[in-house]
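Would you mind keeping the following structure in view while I ask a few things?
Chains here go by letter, A, B, C, D and E, matching the order in which they are written, and residues are numbered from 1 within each.
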Amino acid sequence: MSKRVDVIDLNVYYGDFLAVEGINMSIDAQAVTAFIGPSGCGKTTFLRSLNRMHEVLPGARVKGQLLLDGEDIYDPGVDPVTVRTQVGMVFQRPNPFPTMTIRENVLAGYKLNGARLSKSESEEIVETSLRSANLWNEVKDRLDRPGSGLSGGQQQRLCIARTIAVKPDVILMDEPCSALDPISTLAIEDLIGELQQDYTVIIVTHNMQQAARVSQKTAFFNIAGTGKPGKLIEYSDTTAIFNTPQEKSTEDYVSGRFG
Amino acid sequence: MSKRVDVIDLNVYYGDFLAVEGINMSIDAQAVTAFIGPSGCGKTTFLRSLNRMHEVLPGARVKGQLLLDGEDIYDPGVDPVTVRTQVGMVFQRPNPFPTMTIRENVLAGYKLNGARLSKSESEEIVETSLRSANLWNEVKDRLDRPGSGLSGGQQQRLCIARTIAVKPDVILMDEPCSALDPISTLAIEDLIGELQQDYTVIIVTHNMQQAARVSQKTAFFNIAGTGKPGKLIEYSDTTAIFNTPQEKSTEDYVSGRFG
Amino acid sequence: MTSSLTQSDKRGVAGDRVFSALTLSAGVLILLTLAFVALFLTVNSRDAVYQEDQGGWILTAFLDYAYPLVIGTLIASFIALILAAPIAVGVALYISHYAPPRFSKSIGYVIDLLAAIPSVVYGAWGMSFLGPALIPVYGWLHENLGFIPLFAGDPSQTGRTIFTAGVVLGVMILPIITSVCREIFIQTPKLHEEAALALGATRWEMIKMSVFPFARAGIISGIMLGLGRALGETMAVALVLSPGMLTASLISSGNSTIPAEIALGFPEAPPGSERQAQLIAIGLVLFLITLLVNMTARWIVSRHKEFSGAN
Amino acid sequence: GESNNPDAGGSDAEGGENGASSEVAGTLVGGGASSQEAAMTAWTDGFTSVAPDAQVNYASVGSGGGRDGFLGGEYDFAGSDAAMSDEEWESSQEVCGPEGAFHIPSYISPVAVAFNVEGIEDTLNLDADTIAAIFAGDVTSWDDEAIAEHNPDIELPATPISVVHRADDSGTTENFVDYLANASENWDYEVSGEWPSEIAAESAQQTSGVVGLTSETDGAITYADASQIGDLTTVAVQVGEEYVEYSPEAASQAVASSTPVEGQASNNMAYELDRNTEESGAYPVVLVSYHIFCNEYPDQETADLATAFGEYVISEDGQATAEGAAGNAPISDELRDGAMESLSAITVSE
Amino acid sequence: MTQTPTPTPASVQGPSGAPGLSEPTSNGVPRRSSLTQNTLPSWLWIVMLGGSVILGAALSALLGFNLATFFIFTAVIYVISSYIVTRTRVNRRRATDGLWTNLVYLAFLIALMPLVSVIWSVASVGIPGLMTPGFMVSDMQGITGLVDQASQTEGAPVLGGIAHALIGSLLITLAATAISVPIGLLASIYLVEYAKGGPLSRAITFFVDVMTGIPSIVAGLFAGAAMAWFLSVFSGVTGLLTTQRSTLGITAAIALSVLMVPVVVRTTEEMLRVVPNELREASYALGVRKWRTILKVVLPTAISGIASGVTLAIARVIGETAPILVTAGFVVNTNWNLFQGWMTALPVYIFRQFQNPTSPNFSDPSEQRAWAAALVLILIVMGLNLFARLIAKLFAPKQAGR
């Protein structure tokens, strides 16, 4: 299933440094939302605050409200682990577990939580997830080899497989395709299209074409200068952002005339 | 200055696994050559064999000849260190030295040569290199902070600055823009265009537009299947590769109809 | 999975709580143990510094007794460290970056064997082999470098000098430092090593740029571990050394270390006597020395914390 | 493989006639002087042959450690090269009842002044003053006038003297230094188990260590329990007008001429040794090794065990076993009778 | 081949005079020289080594030949001469690199020397003892001076063995490991994963270091006193305990734990710290709880380092003598019970056999047993090391990724 996300007055800090300021937005369920913006504007930072991954960094903290289907994930009574089981994440850098085989990596979400799966169940999960991530054919003969022996792109797809294997409600992807070749990228884009039917997908990307291809809505972030906080400049339908942007800086950015 | 690279019957191995087979190609000096191909086809592997970085992995070895302006870099008498001072490299993942400040990172290559730089000289090198890498404005106020405190994109640009600071003859870039936003990407592409006038630039990229934009020649690599070695399929002028490819698989790949 | 955010699984949360409480209590247990050791030492060493029938405090008498031992302990550990630390770092580097990768594991194993040898055996070895082997060296040093106070004095005829003890200690702490350093060196991120190599660094320059900065804290803690061992080593020193009063000479018999003094004196010290208290008191002194040494090390490491490699 | 342990007490299988009752059972634990270890091994082994159900454990933790453990209730008896001080005895009343603890001599051993000098194969004659001068580092060569004076017939080499002393705190050192301090004018260092730290000399741990080091070093001289000096040549000590070589009889005679320590338990057999004895044939460089027992034990079993073991040790049989195994000198019949009587005072506390 | 660099566009224009290109040409050797210029033929090293050996032998012979001086001279001559040759024929950087390479190799050779020496002296004396029938399965019951005297003077086989000491050592060490590894591991987990740099964690880190300096004998005395106190209090309260005496195997285990814990914490802490954060984050992002992440991701990734740290700690304590002697005593027969009666440990056995031979005047059999026992002790720790390596191999990160 899928959940909507409402962000209210969110500020994200690294210690005393305000990295992202005053975000207000509503992210639709069963849709793909893309975050774009220049490097360093806080896309990753904001994305990580959506599943409370931000706070694992020492000194990092968040102010404001972040509602998942109306429930504030930053409510004091909320367990971040519960949040993370509902909001999955794929990182910018592929990070398969080096001690695990490819199979174990895919099943990590279950195995690490101590879930007991029958052999057939786990076989099925592994195959479905790897197929969805367009990796099955390449690794089906070496499921018991270490995951770290794959190429960068293969590793990233393995991480995607690992995330979708646990079927979260919301999936966050931080430049998931930046290490992938066009074929894998296309496959992942297709996959995102499929996922969107059941999940809320949020993707950070530098590739405007990709944003245009996969997302229904696009959020443009920008930063006034170094040391300044990143801000949400414009958030709207993807077609609107790319064709009729309201803000000057958005227009500059999407047309490549920026900077 | 700039040197041409001739590759003759090159095979690259990981232990017993033949990762790249039978490459023959001549890479022009003072030009940009792009390597494209699906993930896992051995682009990184081949690129790393061009400056003898491949052999730092245990068990990794190379067979064949690789001539740098006519001299075989794999000749037994050749010192890999000499090769690497002449063939610089930017990696897929940004890897600034975490214990060094931003300034020190840029000067790292210089320091190796035991060069004693006056304060103003080093200031100048730092500024020029960072400007070329489009990073100067973002970091000029924190040159003495650790390089690891930057965002991914900032880090990658720092690495580019570090490499060009020592002015090698050949510059290898392994997906240097995969972690960069479009603006930085554009700046790097411009930089590549400038570098090309004096250096031999070889770039691995997944971004076909990028290959088309920056390179004069393009090499397409492909792989027959998992466990099979990667091969050079077609190597030609970039315009030819994208407009009139000779091979079916090249055409499929560049038109996105692959797989 | 579809449950509301707040009704999270109680057992999971409890698991986290229990585990973190466990780790915390392990840490606290260590502190408590140490506090008890300190208490034990302090209480039992009271008689060494306070004697009713000698007019109360006898601190100077105790200090007169203790300072040669302190200096002796420091000399022996210092010799051990000077000898062992560079070699250990060298060996660790050899294993991690120089030896053929196929053999490096086995070589590491071979060096670990040095740690496998019990201190009694080191003592016996130092006493019956190393000491006699060093006699001519001491003679030579005395003849040729006798003008340096370190080599003045009659050269020992048995080889049982503080220098021999230092060498034995050095051999003993070598594998400790090596093994800590090796593990850290191996962990140096390939990314950073390759960054250096790609800039045209030679192997040594790569090590200076990538490995040492990354391993810095690890090296220091390895050395501290070794130093701790050297400071506290009892049996080997007691067997090797021919203890005596403090001398500046490294090549004649004399000098003693705190642990050796305790080991040699404690068995015959009359129960509840001032002598027993004295021995425990120098144990306390050693404890304080370790405290100081570690404070220094911490200080060195912390000065460079900002650029620590593990992030 | 099969274990190669001999049958327990195989060497003295017929023992048991000397009053040791075979009904005692249980484990008796003791600790103390390491110099007693060899003998103790023989005794504990021999004791099992007369009391098959009994076992004796002995930890060679040093005399001080032994007394410490004994006073702390850790050990049932202690082996010690030095007698308890009066304070220690007083504190023994806590664990041993109002009569406290008492000593019995377990063996008497002469402390030999032994040396290894190439060219001197025979016993050397020396007086206390010369010995003190040598050990204090004042006489540094074997052909020194002071030595030659006592040995007109021996051709002395010019080898330098290396003094070897005990590195560890030791009963042997204490007795030897006590002898020097009492018998010689030349020795004015404090008497204790520690070698005076002002004297620079070589040292080694334990008797075996000093004997070993002396045997390896030409010109070395040391002092050690005479039963353990191996092949080293020894010094005959001047007593009165004659030179006395060490021997069990000479040592026993020195003890016999000494006065018992007063003020402790009534059955106590500790001695204040007379180092200045002029008695003919007495060897005053002597060490008495004691066993310290309680006068009262908390239970019958321990009391019986302690009595039985104490009696076994001083029995002719026990002394012979130790002599065979460890080379200890047996005690005299006179001392044995006294010790038997002392042991019979052991009772059980109410 | 020295070339003035073609001026580059503004973006990469070097500072005036392009120092980056002119500076490195030290010693007149241009950096952009032909590729082979920076290397020397490999036969040169063999020739130089040969020369150093001959010179070293000659110099050493001048002082009266012996192996040590020969080695030192050869090494010094080789290191210096190869530095000079590289420095003059190639360049300073190469020379420095070569110098350090030589020094690193030399360090290794030097480290091997005591190892070979110790192992040789132990093995050559110890093997005959080890070969004696029944050595591993006998204790010392019934072995008196007479038995040894018979062995030495009449050539009877050396009787007695180490079964009791072996069992004692293994039990005590096992118990010490069982106490200190969990404590040490948990404490280091606290330090790395939970502590936020507060005063408590800083105190723990600091005092753990201090703890490494506790002399082993002090640890023994402390454990003895602590156990005595515990027993008196506990039996006072419950009256359950049959023994009031603190000389027990478990007391020795506690003493050893005091020595082990800091080593475990220190090494484990280092190993945990270098586990990349991205792995932790990957796990958290899958909704895995922190404690499971630690147990299943962090620890396995660090297991090889942890295993070698634990081995190090075991090796550190299994050879301890003084603390075991004062806490567990010394007996001649086998005791399987850590909580009742005395125990002998191997190092104590070795020490006693050396220092107080069973027969003082016929000490050869005792020495033979001591060296053989020392050999066994070394073999045990070697075995442990192998075991740790096996663990490391089984669980360690399968392959270092790029």
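As a working rule, a residue touches a chain if its C-beta (ideal position, glycine included) is under 8 Å from a C-beta of that chain, and two chains touch if they have at least 3 such contacts.
As the structure is a prediction and not an experimental result, all values here were calculated from the model.
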Minimal step count in the chain contact network, chain B to chain C: 1
Interface with the most contact pairs, given as the two chains involved: C-E
Central chain (distance from its CA mean to the mean of all protein CA atoms): E
Whole-Å separation of chain centres (CA-atom averages), chain A against chain D: 83
Whole-Å separation of chain centres (CA-atom averages), chain C against chain E: 12
Whole-Å separation of chain centres (CA-atom averages), chain D against chain E: 41
Residues of chain D whose C-beta touches two or more other chains: 34, 61, 65, 72, 205
Per-residue multi-chain contacts in chain A, two or more chains: 81-82, 85-86, 93, 152, 168
Touching two or more other chains - residues of chain C: 12, 16, 191, 202, 205, 263, 266, 311
For the chain B and chain C complex, residues of the former touching the latter: 51, 53, 56, 58-59, 81-82, 84-86, 88-89, 91, 93, 95-101, 108-109, 112, 146, 148, 159, 162-163, 166, 168
Residues on chain D engaged by chain C in the complex (per definition of touch): 34, 61-65, 67-68, 71-72, 82, 85, 87-88, 91, 162, 167-171, 192-194, 197-205, 213, 216-217
Chain B-facing residues of chain E, complex: 3, 5-6, 8-9, 11-16, 18-21, 23-24, 26, 31-39, 41, 92-94, 97, 402
Of all residues in chain E, those that touch chain D in their complex: 132-147, 149, 157, 159-161, 163, 228, 244-247, 325-326, 329-333, 341-342, 352, 354-361, 363
Complex contacts: residues of chain D adjacent to chain E: 1-11, 27, 29, 31, 34-35, 37-38, 41-42, 44-46, 55, 57-61, 65, 69, 72-74, 205-209, 225, 227-228, 230, 321, 324-327
